[in-house]
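What follows are several structures.
Look for chain A in each of the two complexes below; its partner is chain B in the first and chain C in the second.
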Partner chain A sequence: MMNIISDAFGLVFTTDVMIAILLSSIYGLVVGSLPGLSATMATALLVPVTFYLSPIAAIATIISASAMAIFSGDIPGALLRIPGTPASAAYTDEAYAMTRKGQAELALGAGLWFSALGGIAGTLSLMLLAPPLAEIALQFSTYEYFWLAFLGLMCATLVARSSPVKAIVSMLLGLMISAVGMENAGGIPRFTFGLPDLLGGIEPIPALVGVFAVSELMRAMVSPEPPQLPRRKFGSILAGQLKLTKKYWWPMTRGNIVGIIIGVLPGAGADMAAWVSYAMSKRFSKEREKFGTGHVEGLVEAGASNNASLASGWVPALLFGVPGDTITAIAIGVLYMKGLNPGPTLFTEKASSMYALYIIFILANIIMIPLGIWMIRGASFVLRAPRAGIMPVILLCCAVGSFATGNSLFAILTVAAFGIMGYVMEANGYPVAAMVLGIVMGTMFEQSFVTSLIKSDGSLLPFFERPVSAVLAALAIGALAWPLLIWLWRRARPMPVRA
Partner chain B sequence: MKLSDRVTGLFFCGLGGISAIAGSKLPPVPGQEIGPSVFPMVVGGAMALCGVMIAFGIGHKFEEEAEADLAAVGMSEPEPTRGPIYSLRLLVPPALLAFYVIAIDQLGFFLTAAAMVFVLSTMLGGRLRLSLPLALIAPIGLHLIFGKLLRVPLPAGLIPLPW
Partner chain C sequence: MTRITRRAFAASTAAVATSAVLGLRPSHAQAAYPSRPIQLICPWGAGGGTDATARIVGGLLEKEFGQPVNVINRTGGSGVVGHAAIAAAVPDGYTIGIITVEISMMHWAGLTELTPKNYTPLALMNEDPPGIHVKADGPYKTVKDLADAIKAAPPGKFKCSGTGQGGIWHLALVGWMQAMGLPANQVAWVPSNGAAPAVQDLAAGGLDFCTCSVPEARAMIDAGKVRSLAIMAPQRAALFKDVPTLTEAMGVNYSTGAWRGFAGPKGLPQPIAEKLTATMKSVYDSAAYKDFMASRGFGTVWNDAAGYAAFMDEADKAMGVAMKAANLAKT
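Up next is the complex of A and B:
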């Protein structure tokens, strides 16, 4: 055991990993703070670079960039009332109200401090939850994996802030996209339209870059430039945070727990955690009337929650290859690429790599505090960068980055096509995150489904016979029926309650 | 690009139906009932069903609530107001990517990338003072990272970079 831990420290504390953590942290902070550039997009654009790094350095870049970007999204939210990433949207109004009251330091400091604490809490949950779950997962057969994948896909549609039917269609479209190519039970070309480039299937990374980055560029083409930030000096950022921690330790803990639970749920990520925790904070607060007028309590709880969910999202990703959110969906691709194939055996065979991952998480959340303070102080400088200077560089990164994933120009066309698709879908209320999870999980979903069917000779009964699979099946079917139940319940009560 | 639910619903209904039918025609694995056709048939069938539901407006209520939440924090989609020609600007980023694919082998990385950056920067309202230096620096910087450091084979074309 000690051996493994010292091995893990040896893996992390090398020059290349340290440089990777530092550079990707700065990258994450800058990209996350720019309105319209989300944490997922920051991570997706990093993947081509991770191709060329050692496995631990590659994972370190993903972990630190995403954690920093989620925090950094709070900065333009508090200063400009424009959330930098969707995960900050839930409490942007509250933070901006604090800035107008002259409490910008307190709002940003709370975002930073409770993000870091939340990230560490999430990491602890990952360390505690993953090994016992791995024990259970060792006994899983294809039936359990089928239901797990199904449950993950259904959760992704449940948490989408849109019509559940549209979310399901998006998810199905993702599954259909994953069906393209030769990787199927018969090994025959499927939906390739005679194009040799499609024989290997549609690569998830170019699709992700298209959906998250190019569609954002397209949106920038027709939307007005965000307002510039007036220069300002900040006082002490961390002053008063310890007092807040003591005063609001229970909302903070509740935020951590909710964030962890939402993160572990396949498909639901940081944005959802922030919305739920902010709503909970308001519901259970003793000073509910202060919410919306610049009250820090909701910020504490939601800020703690979204960063906690980020770490616990790795639990299903590492154990089952089922992503906890769109960021871990990207991370899974990187894990496969680096020979760290997700699965319960990862914790026995590659134990030192897993401990290295925990150490990186803790490190990233610790250096978030000094780097975050610099970022807040430098925000008026970064946020002055005009869109005409940033977007062209992003476009070029999309082209070169996706080309680098396979040295194929076809990947760039995939990026362009998915950009258009993502834009049209988003404009019509079809959540793209659900489609992305469909694409990422499609192959695993089909494999577990078809293998199970072959084993059972086409009968559906064995899908429900094993105890664990029966429980998972019940959960999955419950998730499918949930929107229907809500609808029926509202039918029964004619006056709907609006939060 | 706001289309009615009827249009998108029927589109997905058609796409699902076609996929299911095309999937069912895939050749089976000899001696084995379950093969590559099962998955597209199940997914396509479900998609067609959901498409019909969307066309009939089922679930639309959930969407309105989510939009109201987002509108409250000013994150809802601003409707393009300047008419259809202005909306064509949307297609500039994907078109520039297509341009990259067509031009890269003849023009080489530097010229293609510089042209892309210049066009996009100018169209986003960047002045010459910004877009010209950016078109010079961004390709060189990215070539240093991807071409030199990560050894991605970027074609040299007409203007090879000195490293």
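Up next is the complex of A and C:
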């Protein structure tokens, strides 16, 4: 055992692995902070580089770049209200509100600190609980995924600040957008208007960039320059984080646990973890009214959650070659290429490589803190720069980033169209975050429902019969009926008093 | 600064147009092809199997040619966009692409006008046959057990998955059913987002069997959750020696597969096409290519330009038959 661990340290602490971790971390930080370039994109672009690296260095680049990119997606979200990655979209409004209150360093510091802690918690789950967690993941068939997607969609009303009705309308619009294309169960092209570009559907990334970033730019054009934030030194980024950890230890732990569970499930990744955790945080908070006005609690829980899910997403990938999310899907290819074939034998025959992988996870989450501080300090200059100088650069980033997702001009048109849509929606009080949720979850929601019905020959019973499915169904229906019951109870109670 | 007069512009445009019509190219391009970087278009996303194949071949071509070979992912439209981009490129050898089995399927489904005839085939370099996989602790020990149970059951009782509706593994299932003399809908197809979720659902007990390729199910097989009963190929796969072919296991002679090959737009000049094919042959024979494909579990096959053209012709016809039988064809 000690032998294996010292072997593992020997594998990790070599010059090439260290350089790989450092460079890919910086790369991940930069890519993640650009609107339109997601953590998945950052990872995919690294694949050709890994051809030329040793196995451990190749895996190290992917682990470090993806962890950094998920964190640094928070930076433009907090500073400009433009989420860098879909995983940050859930709490962008909250973080931006904190910046407007002059708490940018607290918001970003919380993002950094709790991302790092979440990443370490996720790694511990990978080290200690991989086999039992993987068994849970294997219990999930399409019936269970249907309820999961259902629960995810219900977050729409919780996340939004506006009226629940408008939030639901936005979410349904998102669902309708997710119906475009032929990536549906029937393989039938829908709403494509004969355009080949629409056959693949609307990609979430350009849509996200459009509704958040471009609509924000349009608002900036028509509104007067906001009062300049008082010019002051950017305070310490980590100060106060220990206090927050003590104050919000339970939301943080809950975020870690939810993130780990969602990460383990194939098909549900960091994006969903962030949404669910933010919604849970709001639902169970003692200070619910503060949410949406720049309250750090939701950031703590969601930030802890999305990075925890990133590490636990490797569990099914390493044990069964089943990707937990799009990032691990790419990582599996690299593992095969480097002779580290996923499977239980990886944990026995190649144990030293496995421990090396754990060490890299921990290392990446530790160096995230100094590198992240450096990145936040650099990025904080945008708060001082004149708006007329910043906005065109962002627009350029959006266009380049979206073009990069498919090398096609169509993505840029998508960004523009969604920008206009986002602007109109925001102007009328419809939350765009709820629509993004609909787009992200819609495919899984429909696919799991339709394929379940095909498998059950049209019977709805298996949705409630299977043990895990029954629990999830009870949760979903309970959450749906709860507000109604409360309302009925409140209505019914005064009656006897009066009588 | 030189001013471009309207007349000079018109003259030069006419000259370019004429040379294009006559098929004339600046002579140096042919003399020393390739004299500048080559674009290699991949119709599928970065990180997938097609992308990996394109990148390893691109990297090795670069070494052979001494010119950069840039892999460009033109994704979207379920492969239509990228395949169209290859077909529409200028046929000068500086834009080629990797084309996949979907090119022999999409036009039958009415998704595009493009067929294998819109390309200059260069080389076929990879084919992966489908396997028949069941849950490891399930009741079927051999493919004959499974086939007998399918025959005895009413149509639609058995559920199978592996990819989306009308995808290559769906057609493999239909082909297998027909080879056994059963109707195309004897087994219900459950569409999935690729092989990985299908194999996972198989292990979760949601399906009866899967018809994806063996490498796609490999990790689950190694984990002891899933077992391969047979592969639909003329001979056994090098990496999975103990999985019999359909012919060996039950005397049904049926084989198909997902393939990937390289092609340029139609009308690629003969010398350039020949040079590309010859260079791809040395890439195919290189240890780097063989090792890479073996490590991913991908099958390697070689067909030169003529062989590849004939192969695609045959595959295209077979797909038409299978898709019509499965009621998936529009044309």
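Heads up, the rule we're going with is that the second predicted complex is superposed on the first by the 276 of 499 C-alpha atoms of A that agree within 3 Å, B and C clash if a C-alpha of one lies under 4 Å from a C-alpha of the other, contacts with A are read in each partner's own complex, and residues count from 1 in each chain.
As a convention for this text, contacts are C-beta pairs under 8 Å (C-beta built on N, C-alpha and C of every residue); 3 or more make two chains touch, one makes a residue touch a chain.
Remember, it's a predicted structure, so these values are computed and weren't measured experimentally.
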Touching partner for A:51 - first (chain B), second (chain C), both, neither: both
Partner chain(s) touched by A:348 [first = chain B, second = chain C, both, neither]: neither
Chain B versus chain C as contact partner of A:393, first or second or both or neither: first
Touched partner set for A:420, first chain B, second chain C, both or neither: first
First, second, both or neither for A:409, with chain B first and chain C second: first
When both partners are placed on the shared chain, which of chain B and chain C touches more of chain A: B
Contacts of A:185 with chain B and chain C, given as first, second, both or neither: both
Partner chain(s) touched by A:458 [first = chain B, second = chain C, both, neither]: first
Partner chain(s) touched by A:169 [first = chain B, second = chain C, both, neither]: first
Which of chain B and chain C A:14 touches, first, second, both or neither: neither
Common ground on chain A, meaning residues reached by chain C in one complex and by chain B in the other: 48, 51, 185-188, 407, 450, 454, 457
Chain A to chain B touching residues, read off their complex: 48-49, 51-52, 81-83, 86, 89-90, 92-93, 161-166, 168-169, 172-173, 175-176, 179, 184-188, 190-191, 214, 217-225, 275, 386-389, 391-393, 395-401, 403-404, 407, 409, 412-413, 415-417, 419-420, 423-424, 426-430, 446, 449-450, 453-454, 457-458, 483, 487, 498
Partner chain A, residues of chain B touching it in the complex: 1-3, 5, 8, 12, 15-16, 19, 22-23, 26-29, 32-36, 38-40, 42-44, 46-47, 50-51, 53-54, 58-63, 65-67, 69-70, 72-75, 77-78, 80, 86-87, 89-98, 100-101, 104, 113, 116-118, 120-126, 130-131, 134-135, 138-139, 142, 145-146, 149-154
Chain A residues within the chain C interface of the complex: 41, 43-45, 47-48, 51, 137-143, 181-183, 185-189, 196-200, 266-267, 316, 319-323, 326, 329-330, 332-333, 336-339, 341-345, 405-408, 410, 443, 447, 450-451, 454-455, 457
Residue numbers on chain C that touch chain A, as the complex places them: 45-49, 51-52, 55-56, 59, 71-78, 80-81, 84, 109, 111-112, 156, 159, 161, 164-167, 188-193, 196-197, 199-201, 203-207, 218-220, 222-225, 292, 295-297, 328
